[in-house]
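Two complexes come next, and they have one chain in common, subunit A, joined by subunit B in the first and subunit C in the second.
Then we have the complex of A and B:
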């Protein structure tokens, strides 16, 4: 076996990409530390996290989750309600990871046994049901409304400004999730997920418990969305149903994932880097948000024509 | 019967009104190569798929060693030590040959394995079927014969005790057939029991120890290749024209 192939197996170029991403995102704030830039940075982290969470199950296996916002919103409301009820933040964050993943276990345990669109429909229904429950939350839980204002939590780390602290909290989460997805893609679990995506019957016949693998991937994803929702809720210090339980959010996540390349660990990052900054720039320059939608429609058509497997899929082929 | 490794009892599978397998009794001995033949639609592929759990049996039982494996999920049956190949190869098209075989090694019989160990074993099996030079090609880039070989490597990577081959020779030309038969015999000599479904009788009859003939989901003959080829019912239903070949 020649050296190049040997190195390729261990993904040396991919590790290079991984390290560069970690360094670049860690270095931006000290270099260009305006609040505006930091806010864009946080949004990039948020969208990457949500897209990674979607990608883990849907990107690799093709079981499309249309309910990402259900888990994301749940995370946000868990934080919001915890603060209203004086539950410690650390406990609340823990619940924001565990409760959505338990919901994922229930949904997945039931609907991921079946092949086909059942899972997608179930996730969409769950999103609609949950958003309705939280819209009428005052009916279930006293002293609450569906709009929750949370006081700014003094999260400052070592004398940094609040926004810079949040930037670093999201940065750490981004690094952890990126490394985790990279490791998963190269692991036993990653191979099983890819096998399920390619030919589920054969995967099952080769000894893969396909239902279990799919549920695990869904649960890992929901932990990420739950925590992302919790942290973003704290960052905004305002939580309501249209922002967090947004069906539109799911479609943006799917757009970002397919554009960036689904089933590739760096696909969500590429997709987000195209989506968030360009979206900001177009809104900033034209003051008309609709222009960015037009731009994204055209970009999507173009990418799908030239790189049907997304930009990440295209790169993956090139660096093989 | 201590030396029986796989056994079916009155196994029946229906598709709607069609009885694909009708009260099938079959046994496979340890280290045996058992030929399974029959006209198109006789139920050979269905039988294999019921044994691997891909199709659910309507009645009857399947025993592997001493365990009843009837209607277990396919992944559990694979982990117990039964692997199969498909008549039309089904490699994972967007994964490389190495990754295809690695998945077999990672999840097959010996569950707990690191990826580097699985890679090592996968490379061994890829070499074994003579596909070493194509280890990094994608599944979809292979030719038909190559895919068939990789499927055998992938099945062997799961470390089976019983290998079910669904027409391994169909679609191959003569040179390739010799090669494939050689591979099958080597696998058998490693202690793997084999059920070999085949249409090319001339080759099969020369290389198996025992033959079962199926027609309309039923077993119509069971014996040595010589006995079976003299069986009047078999000749009537199936081998008649082959006699003169």
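Then we have the complex of A and C:
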């Protein structure tokens, strides 16, 4: 990459937002120090990662992926089964990145030629198939159940507490993914993805191999959600089908992405920063799960009615 | 012995196939009209089921007597949904499919949990006074009539959409909205009425639900994937396709429960759908629009 191109990437005013976000997330919660805030921080990172992974394909191109939870849960189960079968953590994390992306390659290679809603429904079906397979996992692998309790892995870095180490692991992943999405958005791949989102026929005529770049975007996204699922599974130390292969989670990811604005690198961050505090408030205020779900439903409906293009779309118009 | 079992599976397959056809006819037509799959439609079917089950249990009302009332209410509900959500989103959003899916998912969650709070999460069913005995099985009149009713409803819809002037105008407004508007067709009004009709079919299916299956608010998530499968395979908005595929899926689900554990039946159906979508991305039948 030559210097002028590099300066072009890091020349805009968006970079200040990027740096300040990195500093704020790196400094404030660890200084505040309470377990509660660190836990919320980890959840903010998790939701940002999942939404970024959705945004890479669906936000830019408009091919809506309703199967994020499939790759997320696959990552979690890979780590869970690896720990049960004594496979080293590093190898397991590597597999949690590779296997979902391979699945993404297979699914994307065959189904990204389908247009719009049909692709979405295919991904939803894939999620339901995979969740069904893992729900009945004892059918394939004897002596395992779909609920996996794994021991807390001592991941202390330099004498930090366990939760603080997890905070920093998620933080590093968050920074890496945010910078990567930023670079992708300003690169040739990002422009090609946006071109597909604007008008796929024209993009193809301009010489873009649309199926190839869509599959690449899907695979990058699945790597992110696979690793996020693996790390969150280790953090929770409990892996179960309703938590990880959750249709609700998939829809929340879409909702957060639309809320923050899809097709922009900061959209997922804005969406998550708005969603997670509200989520916490709902959990604190309502102790009956039915009422809290009614609140979630109302949130979904209100945001979609009042700002169908999201807050990020609004900010995008103001910045330009 | 085996032949009796086979006939039982055949009957159950045809009954549930007829029921699925009825459910998905409204779903698929609504999808074709609004350009977005409406998840809350399935929840409203369960609402109709809950109401029917309560009336049946408390006053012993036959579900079929209740269905005209519920169909009327659901027609109004469909018109309301179209006015408030569908036409609003179609005007304001560039790609209503994604936003509509998320919005109706939110509505679905609200409805499901309101139903749990109001009607309790118990499993409920209804009974009928008209019972037939076929061999070892006890069938109500509804089991016998499910498939014929699905066929009658789909034939009526086919006649309405393909043989009447109103249907021609409606198809024009779905396939070529701008051209239809230039010709002076009030497409919003036509679609609104069609959406109401789609919902009233859902209300009708809902009154049969507590007697053919059972009602439980969260069970609606189980019927949703099956509805998607039937709607897509049959072609979105295709009446004959939906009816045929609905019956076939009912038979497949019934017969494969002989060989497979119940949990695997839905997985098998999803695999069939994915494979067929790869071969024929637009479904097996030509849809509307």
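Heads up, the rule we're going with is that the second predicted complex is superposed on the first by the 284 of 320 C-alpha atoms of A that agree within 3 Å, B and C clash if a C-alpha of one lies under 4 Å from a C-alpha of the other, contacts with A are read in each partner's own complex, and residues count from 1 in each chain.
The definition used in the following text is that a residue touches a chain if its C-beta (ideal position, glycine included) is under 8 Å from a C-beta of that chain, and two chains touch if they have at least 3 such contacts.
The structure presented is a predicted model; accordingly, all values stated were derived computationally and were not measured.
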{"item": "Touching partner for A:160 - first (subunit B), second (subunit C), both, neither", "value": "neither"}
{"item": "Subunit B versus subunit C as contact partner of A:203, first or second or both or neither", "value": "first"}
{"item": "Subunit A: partner with more touched residues, subunit B or subunit C", "value": "C"}
{"item": "Touched partner set for A:255, first subunit B, second subunit C, both or neither", "value": "second"}
{"item": "Which superposed partner A:169 touches (first subunit B, second subunit C, both, neither)", "value": "neither"}
{"item": "Which superposed partner A:236 touches (first subunit B, second subunit C, both, neither)", "value": "neither"}
{"item": "Residues on subunit B engaged by subunit A in the complex (per definition of touch)", "value": "52, 54, 73-75, 78-79, 83-84, 86, 90, 92-95, 98-99, 102-104, 106-109, 111, 113, 115, 118-119, 136, 154, 158"}
{"item": "Touch list for subunit A against partner subunit C, complex", "value": "62, 64, 66, 110-111, 113-118, 120-122, 124-126, 128-129, 132-133, 135-136, 139, 247-248, 251, 254-255, 258, 290-291, 293-294, 296-301, 304-305, 308-309"}
{"item": "Subunit B-touching residues of subunit A, taken from the complex the two chains share", "value": "5, 8-9, 186-188, 191-192, 194-195, 198-199, 201-210"}
{"item": "Contact set on subunit C toward subunit A in their complex", "value": "37, 85, 88-89, 92-93, 95, 97-99, 101-103, 105-114, 116-117, 221, 225, 228-229, 232, 261, 263-264, 266-267, 270-271, 273-274, 277-278, 281-282"}
